[in-house]
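As structure tokens, here come the structures.
Shared between the two complexes below is subunit A, which pairs with subunit B and subunit C, respectively.
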Partner chain A sequence: MPDYTLKIRRSDPARGVAAHWEAHTVTLRERASVLDAILELKGERDGSIGIRCSCQQGICGSCGVRINGRPGLACNTHLEEAAARRPAWGTAGGTDAGTPDDRDRSIVNGNLIEVEPLGNMPVIRDLIVDMDAVHWKKIRRITPWLLGAEPVPEREYIVAHDAMVDVTQSMACIQCGACVSDCLSMEVDPEFVGPAALAKAYRFVGDPRDAAQRERLHDLSHDPHGLYDCTHCFNCMDACPKGVAPVSQIMRLRRIAGSDHTIVDPNNGYRHEHAFVRNIRRNGLLHEADLLPDSYGGKLHPRAIPELISSLPTVLTALLRGKVTPAKALGHPHKAPAAVRRLFDVIGAREQRIELNLYVAGIEDEPLRAPRTDEPTPLHLHPPEEADA
Partner chain B sequence: MKVAYWPGCVSRGFTPELHGAMAKIAPLLDLELIELDRAACCGAGVIAEHNQELADTLNARTFALAQQTDGELMMNICSTCQGAQSECQRRLDGNTEYREQINANLAEEGLRYTAHINNKNLLWVLVEEIGLDALRARVKRPLTDLRVGPFYGCYIVRPVKRLGIDEDHPRDRYLHMVIEALGGTVVDYAGVYKCCGFPIVTMNKRASLTMAGRNVADAIDAHADCLVVPCPLCHLNLDLQQPAASKVVARPLGLPVLHLPQLIGLALGLAPTELGMSKHVVKPTAVVDWSTSVVAAAPA
Partner chain C sequence: MSAVPSHDVLIIGAGLAGQRAALAAAGTGATVGIVSKVHPVRSHSVAAAGGINAALNPDDTWESHAYDTIKGSDYLGDQDAIEIMCRAAPEEILWLEHAGVTFHRDHTGHLGTRAFGGASAARTYYVADITGQAILHVLYEQLMKHHEQLARYEEWFTTDLLQDDEGRCVGAVCRNLRDGRLEVFNAKSTILACGGAGQVYEPTTNGLIVTGDGIAQAYRLGARLMDMEMVQYHPTCLAGNGILITEGARGEGAWLLNAKGERFMERYAPNKLELASRDVVSRAEQTEINEGRGFPDGTVALDITKVPRQRTLEALREIVNIGRDFAGVDITREPIRIRPGQHYVMGGVKTDADGRTTIPGLYAAGEVACVSVHGGNRLGANSLLDTLIFGRRAGEHAASLQRQIPMPKTPAARALETERRIAAIIARDKRPGYRRVAQIKAELGASMNEHVAVFRDAAGLQTAHETIRRLKQEEPRAAIDDSGSVFNQDVIAAIELGYMLDVAEAIVVAAKERKESRGAQFRTDFPKRNDEDWLKHVDISRNGDATPNVSYSPVTITRWQPQERTY
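Presenting the complex of A and B:
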């Protein structure tokens, strides 16, 4: 059995113990999990190591941690897979100037596994983070229950199969907090509702039985840290051990808010999206000089004026450097070919949008890995990876 | 090598130096560019969020135009184009019925997309097609002592599976590898794989510029001389908006940000002005001084 160097990020803020790395060597089979290794250390060498866990089968979502820089469940990450992961940044053995902590970059034996608490949440002790302070607070914020239509029907609701499979993707969430940990928008704006809660919001917005679709979307799009704060960095998609793809759910929320309900929000989310689409329909290529003012409602809109004034230094520098010429900024140097404009018009005029959800349809030539609602999900099944629809 | 070349929008808009620099380095890399000048914007994820069929149709059209050329593959110079197009391609290639539906939209123009187009960012072309050894052999002025921080841009590194990143194709290390092949020193810093913040600059400017400012600050703290980006949208937030970002993060910044073709061009012997480096908001003085004084004095 191979040896692994397990470095655990330890701290105990309540007792004034600052964060530091503690290295241990464990000898375990390659297919043992990172959690197995932590529990072995805890049981045999140091009972004070703090880790939260329960089912050890990838179901309960308790043991979310960062492993070699990537968030996930300690219980469903094999040691060999963890050791093969490169650290989040840093060429091993390369320059370590400016790395923000004391990671030891000299260990390049390939069997180094660094385990840290999840990010974007306060640490209670060692690998245990305060989920109540961040994750659960945000989940509660989106009204995480079905608001059914009244009067309640006498018999059960009948829901189309595809509609239900669609929401099962967000229902697959086990609340582990892995996506919250690495959300880059939340990193700079802790008030952002965030990927887990927005995915949960889609679970209800996408449910045909929910009667509050518009109200939910109105609420989320009007929140200054809500629906339109996601940058599509895709960290949540790669982080999720269950294939929920929160970013895809956020895009669906925006599509329904903007196109089905025409919810014009004060954060420019709706205006930006529609200005962008109009811009491409007209110009074929993006005409940046129009997009900024149009995202604020147009050049002469009272909302746009302070924004344009505050952007003046940027615009002037761009002009000075010859990045932009007045003719290019004010004129429209390119025009969309008629065939492109026709595509916008024909597709835009459809009564119903045509969409392909790969989570529902699967990928041809690849086995369908998403669980179907008519098939029980085996407990040990790896999560559906094909969730990037 | 002949490639169907998709420059994207911003490389011909607010970062014209990118398109110009690509045109300069192409012959030095034996790349023949067949420009797709009738193609439209990839949608940058925004059109897909508005209407998936529209985004998929626009990109299927671009792919179809590329397939009409005799290029060996399609090449882009923008992480965002790569990511947005890969997303659409996954749907188009993954379902015949859907692809035919999208192709029906293109029929009037006489266009048709055949599945499995090979669409690669310049960065991937450099490593997988041209090869690092061949690139190294063309270096005239190695970037000796130039400390370069790689900044990939989200769309070219995530989601890992969709972008074909695996053990055989460590595409999330290619920028590191290219910097080293050009003789430069890779600077690791916290922002290598982070988001530049550009997509939300009109929705939450403060959050957006905090991202940009922190990434630049982290690279400065790691003693980088410059950043290199394969994405013009990242360049807008990291360079054009850098003075504004500096105010938001409340510290002086002033770190030059180079487009990938500019960094390559410098190493292949081109002058900074030829590569449009005078068009940057943050003057790349450190980089320019380096290439005229230290390295120009060294034997080629």
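Presenting the complex of A and C:
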């Protein structure tokens, strides 16, 4: 049975105990989880270690923690899998987790597992964070109940099978807070509604029984901390233990807001997204210098000027890093190949938008609908950080 | 929050039963407080996977549902209560659907069903294999919606129920886990919805919070418990940790195979095969294992590859995850090793069909209660139904009292007693040879799982009882490590241990008492069902000296006479 060094981030603010690491050695059977290890410690050595837990099977959502720098559930993260992760420091939401030197020393022994509370939420004690003050407050923000379409039918609402499976993906959220922990936007803007609550919003917006789709989207896109506050860092997608993929739900919300309801928001989200699409259609690849002015209706549009000035620092950094060169910015190095334009035409002409929902479509290695051979191969998209200049 | 919280109806527990009761009570205009030791969506109802039964299809009937339930109960279920439940089921499903539950649809867009064990029609409504979660989260949405009438006390632990001089239950003492503060809650009526007691066993499919608190609290107050010997072993649990593979897997077409690759259910239940009642399937598996036809690790195999892969990925997604995360098996490609494991307590606090216990002012609903609709053996997907139907009825009935009685005014000083008890637990010292709470709990769980399981006999039950009595002696000396007030989980675990020992003793005493085999109680020393002597409930109440007292109550039979039970 392998040995592990388990370092737990402990604190008890009420008793003036500041955050510190506490190391234990545990010996556990194969396939034991991080929660098994902590429960073993609690049971046999120190019952005062604070962690919420109940189901031990990844369904109650109690045991969200950060393990070697990544948020997740203690009960479905195996010790060997956790130890194989290199502890990462300086990531979003992390506490001050010791110096890199400390960590490097322990990494050497190979079986180090560091467990700390979720980020972006105040710590109550040890691994227990104040979910209510952050996570649940944001959930309550989105009017989290069905506003059923009238008249309420005598029997069930008739809903397409796929539509129900589609919302079941966001219904699968167990409210564990792992995504909230590492959301980069929330770190910068604590008021951001955030990944879990927006995924929950999709659960209603995507539900054909809900009567308030437009109102919900109007509300969320007009909120400066709402729909367009996400910067597509994809941390929530990596964090989520239930495959909810909050960022995908956010994208769906935006598409429905923009394309179906043409909700033009004061946060410039709508214009930005449309400029993005136009930009790609024109250039084939993203032409960043055009993107910003496009978002405001052209280079010389009066609304563009203050925004251009405010983004000068970003532009300068981009110039310095060689991401944008004056030549690239002024000339038009790309012109969209015919294949790209054809793709836009084909997709644009479809009557229905096809959402890729793996809950509906199966899993990656076995698509339900085999790709049609007469369609061009899909575009390779930019990595998200780059795309969202 | 006011200084002394007072509510017309106080609900202890926020799983499906508690939340449904809260919504029903609030719906009548009563003021409601709902207390839960964990955030409501962490309640163990969240783990229910397979679905919920109702005869809602036009070609199905409530009578058929009732008959299946009665037969499943091995005729120990009370038929009047079962009729109420099965008649009300269709309406409840529609209520849930309208509130937002994302029930599975068929290709016409109507509600679709899956098959479940012991049922003569496919009448189980479901949301993939997260049915409990989907319903629990939707009820919680409704609690948030109605927050003005409904005060939520999330992460508050109830330590004691309160009684006035006339013996009426007038509220409870609860501890706020966040700061350790104790509070007296006044209530005109109190509904226990604390769930089951699976942690009395190890392993179990139940979460760590399922420690029988409500059963023990009611018992200590003098309420009667009923059918406590009836403990369900679910046929398909993972070997090491007891995690459940939903019956939905067999409902979708999975097979059970022994180590020789035989579909052994053909021998035990030639008609219903894998979809016989749970007691029948668990006994069959255990027999295969005991007679050497299992795998060396004491398991048999569940072959889900019989279900089309696409269907598994859509409808059994959660157990794909469970197989991968907890057994390292891709269930869509290979069989998974399983065995029977403790899952559910049919017994609990005896109530009538309105949730009333034998203590005035005290109600119970859900797994904590025993109406009894499950009798000797609960059918899969009937428990969620039970929690909702009887949760609603208890909520409505309890609320109807609000105009008739004044708000009790229990002095806040009543909490002092509890405070002293907690201080004493914290002050216990670690003398040489002291035992830790976790060790006592582990010994209890192992003993129950060895002697009070699928097959039982007098000698084994006696051994278990002696172990429990010894552990009861050791329990008051189990020292703890934490002396803090913020989230002191150590002190809570010590209190829960006391509850578990009380519940375990009630189970063993009832099992010793019933000298026949019926439903989940199979006595190798009395292997036959004996309707002449034992078509009755075993009730347990507490003697003055804290030992269990045994009595009986009749089984209500309306129109279905006991028959031989074959599947």
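Please note the rule applied: the second predicted complex is superposed on the first by the 276 of 389 C-alpha atoms of A that agree within 3 Å, B and C clash if a C-alpha of one lies under 4 Å from a C-alpha of the other, contacts with A are read in each partner's own complex, and residues count from 1 in each chain.
The rule is short, and it goes like this: contacts are C-beta pairs under 8 Å (C-beta built on N, C-alpha and C of every residue); 3 or more make two chains touch, one makes a residue touch a chain.
Everything numeric in this text was worked out from a predicted model, so none of it was measured.
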Could you look at A:Asp132 and tell me whether it touches subunit B, subunit C, both or neither (first, second, both, neither)?
-> second
Using the superposition on chain A described above, determine whether A:His287 touches subunit B (first), subunit C (second), both, or neither.
-> first
Which holds for A:Asp219: it touches subunit B only (first), subunit C only (second), both, or neither?
-> neither
Check whether A:Glu80 is in contact with subunit B, with subunit C, with both or with neither, and answer first, second, both or neither.
-> neither
Could you look at A:Ile174 and tell me whether it touches subunit B, subunit C, both or neither (first, second, both, neither)?
-> second
Subunit A residues in contact: does subunit B have more, or subunit C?
-> B
Based on the superposed arrangement, let me know which partner A:Met164 touches: subunit B (first), subunit C (second), both, or neither?
-> second
Shared contact residues on subunit A for subunit B and subunit C?
-> 362-363, 366
Which subunit C residues qualify as touching subunit A in the complex?
-> 38-39, 41-44, 46-47, 94, 97-100, 102-112, 127-128, 130, 133-134, 137-138, 141-142, 144-145, 154, 178-179, 207-209, 240-241, 243, 309-310, 313-314, 317-318, 321-322, 325-328, 436-439, 442, 480-482, 484-490, 493
Using the touch definition up top, name the residues of subunit A that touch subunit B in the complex.
-> 86, 88-91, 94-100, 184-185, 188-189, 192, 224-225, 228-235, 237-238, 251, 254-255, 258-259, 267-269, 272-274, 276-277, 280, 284-288, 291-292, 295-296, 313-314, 317-318, 321-324, 328, 336-337, 339-340, 342-344, 346-348, 350, 353-356, 358, 361-364, 366, 385, 388-389
In the complex, subunit A touches subunit C at residues 12, 14-15, 29, 31, 42-44, 46-48, 50, 52-62, 76, 78, 124-126, 128, 131-132, 139-140, 144-146, 148, 152, 155-161, 164-165, 167-168, 171-172, 174-175, 204, 207, 209, 359, 362-363, 366, 368
Contact set on subunit B toward subunit A in their complex | 9-10, 12-17, 38, 40-41, 43-54, 56-58, 61, 83, 87, 90-91, 94-96, 98, 101, 105, 108-109, 154-155, 158-162, 173, 176, 185-190, 192-195, 197-200, 202-204, 206-208, 210-211, 214, 218-219, 221-223, 240-241, 243-244, 278-281
